[in-house]
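One chain, subunit A, links the two complexes that follow: it is found with subunit B in the first and with subunit C in the second.
On to the complex of A and B.
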């Protein structure tokens, strides 16, 4: 049977985690201080999903990847300059707010709607990828909700490996407790996989791939429709995580003593 | 690492791609170039106005590669008159750019030495004593005197304060949203492609290689991007620009010998600091007389504060980080900074030769813009607007040439780009500034007098240009500290530092009476914490080391090792057998090692190649 897939990668963006992130409560609700000033990157979990999608497409001739992303257009454009050299894809852009406090139900509904609206999408070949969690909040439910909207019942979360069997079925390794994997087999598409880290390294930058992608990325951004998020969730309060940094240089100290001190320090909180 | 990996000896099949214009480096100069050019590539109906030669029927194919991981990761808090920038964005309020503020209040401040450790020449000691004796007349307060006026040649009264990171990010959004040019961060250019004396594109760096550049399974040779015109805007230490210099030489009488290392922090001020957005402070006198400083206040209680360590600071153990901390702790500044928190940190080299450092601006198939093309005005201390404007000049020239179907030969680029530059305010002002800093070779007092004379007389009166090559490594430790530390003690300090693998400057400064830094974990933090908290330095895997000690045997007996002392990120340390060790995970690409090394009879023993990674801060 043909193994040409229609691979959708749902990919959110997050502020570059290397920046200083400071949660605040703004007039429109919880957010990060100066979020629009911070450089953005593809959510690392979704990034792994993209690399896995590229790998699957490379081994399945005739496959095509759509990157579906709901985020402010200007930020999405910036992120595309960082990822568009890594894998061939067609961007489906949705211009809407994106932050760690967005309502997962609303985001999932928008993503599912955009996927269903892709011209020529074939459900019998549909494989939906995304990040297992989001680096910005880790609610861990958006992909399940996308799957429900799309009526995809074969869903897997915390995926580290996908192997296409000779009969076209998928063998999937999902993370479970204790550093182990749950091995599952499903018939194949349609399926939804929320990726953990997978096993693939970040692809190298390929200028030709980037140049080809950009011919479709910019038009996609220019015609991206605005999709305001509904106020499904109301936050009563938000507490910024406490940041502590205590630097001390101590040489030749036994590991047991360091561990004991760390435990004592953690227990203080 | 040391030695040169021999990747070029292996036959490699490289992919090729053809574009019309390839750009190297994204900063203000490339911003000016692409902003101007991108507005002229299409007609209103979407058809090409300037048609591509490599993709007929399409507009010019323009692509630009930037080494850093983000287009907003540049390092330079800038105050600029923004004449060229404003002209590019008529009708747009530049204060809408994040962290931008119009200059509202500008002061030049002379800082006295509160610690007694600063090495002040006789003239400064006399001046300080005079000021202290007549404190009320000079209005001495917090160990500082605010000068009654800022010299006209320094003033930025009608200008803007920018975070260059935010400015670059904003400009890149404007450019790329047009969809007609592509700008790719995280993609270093290894070198220009030179064939038969002409530049015909660029070669990107190899990926998937070892730290020594060695090949392995999965290595990906850097692609050759062929272009009719290569625009080199990779700054003062960029690999492409320096390759052109070594290939084609410098114009008669030109040199790039004067440098400075700028190091800065972005600080979130406490709520009652009293500093208003738009405030600009220029300082001189402390921590050493040769070190100039600045403080610019952005909106939202953010401020950029930093210093410049010039090559004419003749200390063999000059450093930047610790001097920056002492600078911030000066009573005049600390009253504002106390209670603040570090938000960002960074460093970069500045090409301070100005007009004398101008390389060949054009050649067959290439043109140079920005700081690496000698556009910085060393009298006004201004480079961003000048760099931007040179990019605009080149874009206008390209439009003219393509419209008239003329090729990018040296003659044609001379006639269009260089001609525009020569009749512009950038060039006129750079002529005035050309010899303004000659006096610093005779000492800091002479240098300041020379600058004032050049500024007041608009360049008519200056110190005579040097007749000898500058020695940026300066005198020996024994000479420098003969009145403070005995040769025997210096040797002991040297031996201790060599044994512990640490740099000398901390020990020397302690010994010279500089107080220890009262770390507060917020703003006064260790150098390594600054890398983590302020810069988030990254080194993606699969790229070779970009700092290479060419002949390790020359490093073994080199003392003091200025590359170690001046390294902004402590990425270069004392290695085994006296050869410095390089850790690319700490390198911020300031390039200080490059110009501080005068080994091999002044030629230098460090190769500073193109590399990936570096700072991940967009606030600088």
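On to the complex of A and C.
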């Protein structure tokens, strides 16, 4: 049985986690101060989805990966300079002002439209990957909506493992409460998987892969169409948490005393 | 302003009760219904629902159910069909559901079918000037927002630990069973079990009073120039066993397993706390050998009392992120603490 897949990876970009985030009010709603100046990275969950896609494609000859991303074009180009060295893919770029405050319903509609417009996609081989959540909205909504737009009813979220069985079916592990996994067996494509962290490390940069990717990435960025986002959410306020603790720093105390103090603290109700 | 409110829940793994979070969200739903003068409908999904329905019989609500073997375990296609059927029967303008793993993976999809809008990880539902508003975090607990939507139905999925649970006497509930026909397509996926990850012990305990976080320092060279992984493993496991704490890890520690470095054998990505991990809710947290940088500490947003042990007096915990920082060797302190717990 041929196991060549058409793998779509939906991926957003987010500010580097080490950056300080300060909300401001813009004419289009809330946004981040100096948002266009903040260094961006591929969303960590989407990144895991990409690495898992590359792994699946490597074990399934004839497979192809498309990376579909809706983000400001300039920021996306910056992120692609790094991501392009991680895995082979064809970029499908949509130029839109997506950030954490964008409405997931609008973003999903744009992503689904871009996927449906990819020439030659074979639904019987289609596997849609993406991040289960994200470092921006963190809602776990977008991928499910993309799946519904594409009429994919075999969906899995919080996925940590995908194993292709001998008969072509998928065994999928999804995270559930208490640090456990729900095990499901799906007959095969079409399916949609929102990835948690998976089990794979970040691939090392491969300049050859990067050069090959950039031959298609730059034209894709140049022809990326601008897509306005509709906003169904009204924000009454957006604020960073104000709590700052007065840290008591305990130095030069023997381990016995610290342990006794901790024991007392743990025992308190 | 009256709302037609639908509270949705599924039977838990025992088959005899709702998840704990569901009773909390029912409490919030009842409160909103009272404040708005709205009507409340309860929707239940599971293999058998009568026993569970009896536990909410005195909530004074119409109870709609979808039940049967096909709905005993989580599966997107069947759960979505069940939720859709209940929503169409109840015709609500507000749907409130607990953010359990089962519902989080299906409610947004159903909202598309209902032409509804959905917001997840809601921490509170209130009225602002008489208008329904919800609060949730953005950028992984780094910014908090209050939101409103004009579109209806509006689906709100509320996190656990955010509202007092509904408490009421059990009774004999009258339930309306909805028939949900399923196509062969809906059975393309089958439930194959629940798997506990490879681990010497179950280290993730959501109901524990204490979160114990181990950082990458446990696997680094100690003052003698050597790593002490076996000692680190036994120290941590013994502490967990004696204290009943839940184990969390920093990203730098759990990533080491993927990079084929020496690691703590029981630590997996499921333990990861922080920006790209979980945001657990425990009353207290103790961090060890972890620097307390912002991407990790955002996972501590809902930990009320925080203490840390670190050799670096200038680590992130010292900068207003912990209540107490002990500048000490965690190997020594934790060994002593475990011994004290054993004596107790």
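We adopt the following convention: the second predicted complex is superposed on the first by the 241 of 269 C-alpha atoms of A that agree within 3 Å, B and C clash if a C-alpha of one lies under 4 Å from a C-alpha of the other, contacts with A are read in each partner's own complex, and residues count from 1 in each chain.
Convention: contacts are C-beta pairs under 8 Å (C-beta built on N, C-alpha and C of every residue); 3 or more make two chains touch, one makes a residue touch a chain.
Worth saying up front: this structure is predicted, and the values here are computed from it rather than measured.
Peer 1: Could you tell me if A:117 is touching subunit B, subunit C, both of them or neither one (first, second, both, neither)?
Peer 2: Neither subunit B nor subunit C is touched by A:117.
Peer 1: By the touch definition at the top of the document, which applies to A:154: first (subunit B), second (subunit C), both, or neither?
Peer 2: second
Peer 1: Decide which partner touches more residues of subunit A, taking subunit B and subunit C as the two options.
Peer 2: Between subunit B and subunit C, the winner on subunit A residue contacts is C.
Peer 1: Look at A:266 in the shared chain and tell me whether it touches subunit B only, subunit C only, both, or neither; answer first, second, both or neither.
Peer 2: After superposing on A, A:266 lies in contact with subunit C but is clear of subunit B.
Peer 1: Which partner does A:140 contact after superposing on A: first (subunit B), second (subunit C), both, neither?
Peer 2: After superposing on A, A:140 lies in contact with subunit C but is clear of subunit B.
Peer 1: Please indicate which partner A:82 is in contact with in the superposed arrangement: first for subunit B, second for subunit C, both, or neither.
Peer 2: A:82 sits against subunit B, while subunit C stays out of touch.
Peer 1: Which partner does A:58 reach: the first (subunit B), the second (subunit C), both, or neither?
Peer 2: Neither subunit B nor subunit C is touched by A:58.
Peer 1: Is A:233 touching the first partner subunit B, the second partner subunit C, both, or neither of them?
Peer 2: In the superposition, A:233 touches subunit C alone.
Peer 1: Using the touch definition from the top, say if A:18 reaches subunit B (first), subunit C (second), both or neither.
Peer 2: A:18: touches subunit B and subunit C.
Peer 1: Which parts of subunit A are touched by subunit B and by subunit C alike?
Peer 2: Shared contact residues on subunit A: 18, 245-247.
Peer 1: What does subunit A use to touch subunit C in their complex?
Peer 2: Subunit A reaches subunit C through residues 14-15, 17-18, 21, 23, 30, 44-45, 100-101, 103-105, 108, 135-141, 144-145, 147-149, 153-158, 160, 171, 173-187, 194, 196-201, 232-241, 244-253, 255-256, 258-260, 262-263, 265-267.
Peer 1: Where on subunit B does subunit A make contact in their complex?
Peer 2: That would be residues 15, 17, 63, 65, 69-73, 98-99, 166, 169, 172-173, 176-177, 179, 182-187, 204, 207-208, 220, 223, 225, 300, 343, 521, 525-526, 528-529, 533, 536, 538, 540, 542, 616-619 of subunit B.
Peer 1: Can you list the subunit C residues touching subunit A in their complex?
Peer 2: 73-77, 80, 100-102, 104-106, 108-109, 111-113, 117-121, 128, 133, 137-151, 185-186, 188-197, 202-206, 209-210, 243, 255, 258-259, 268-272, 275-277, 284, 286, 293-295, 301, 305-307, 309, 313, 317-329, 332-337, 339-341, 344
Peer 1: Quick one: in the complex, what on subunit A touches subunit B?
Peer 2: Against subunit B, subunit A makes touches at 16, 18-20, 34, 36-39, 74, 77-78, 81-82, 85, 202, 204-208, 210-211, 214, 218-219, 221-222, 245-247.
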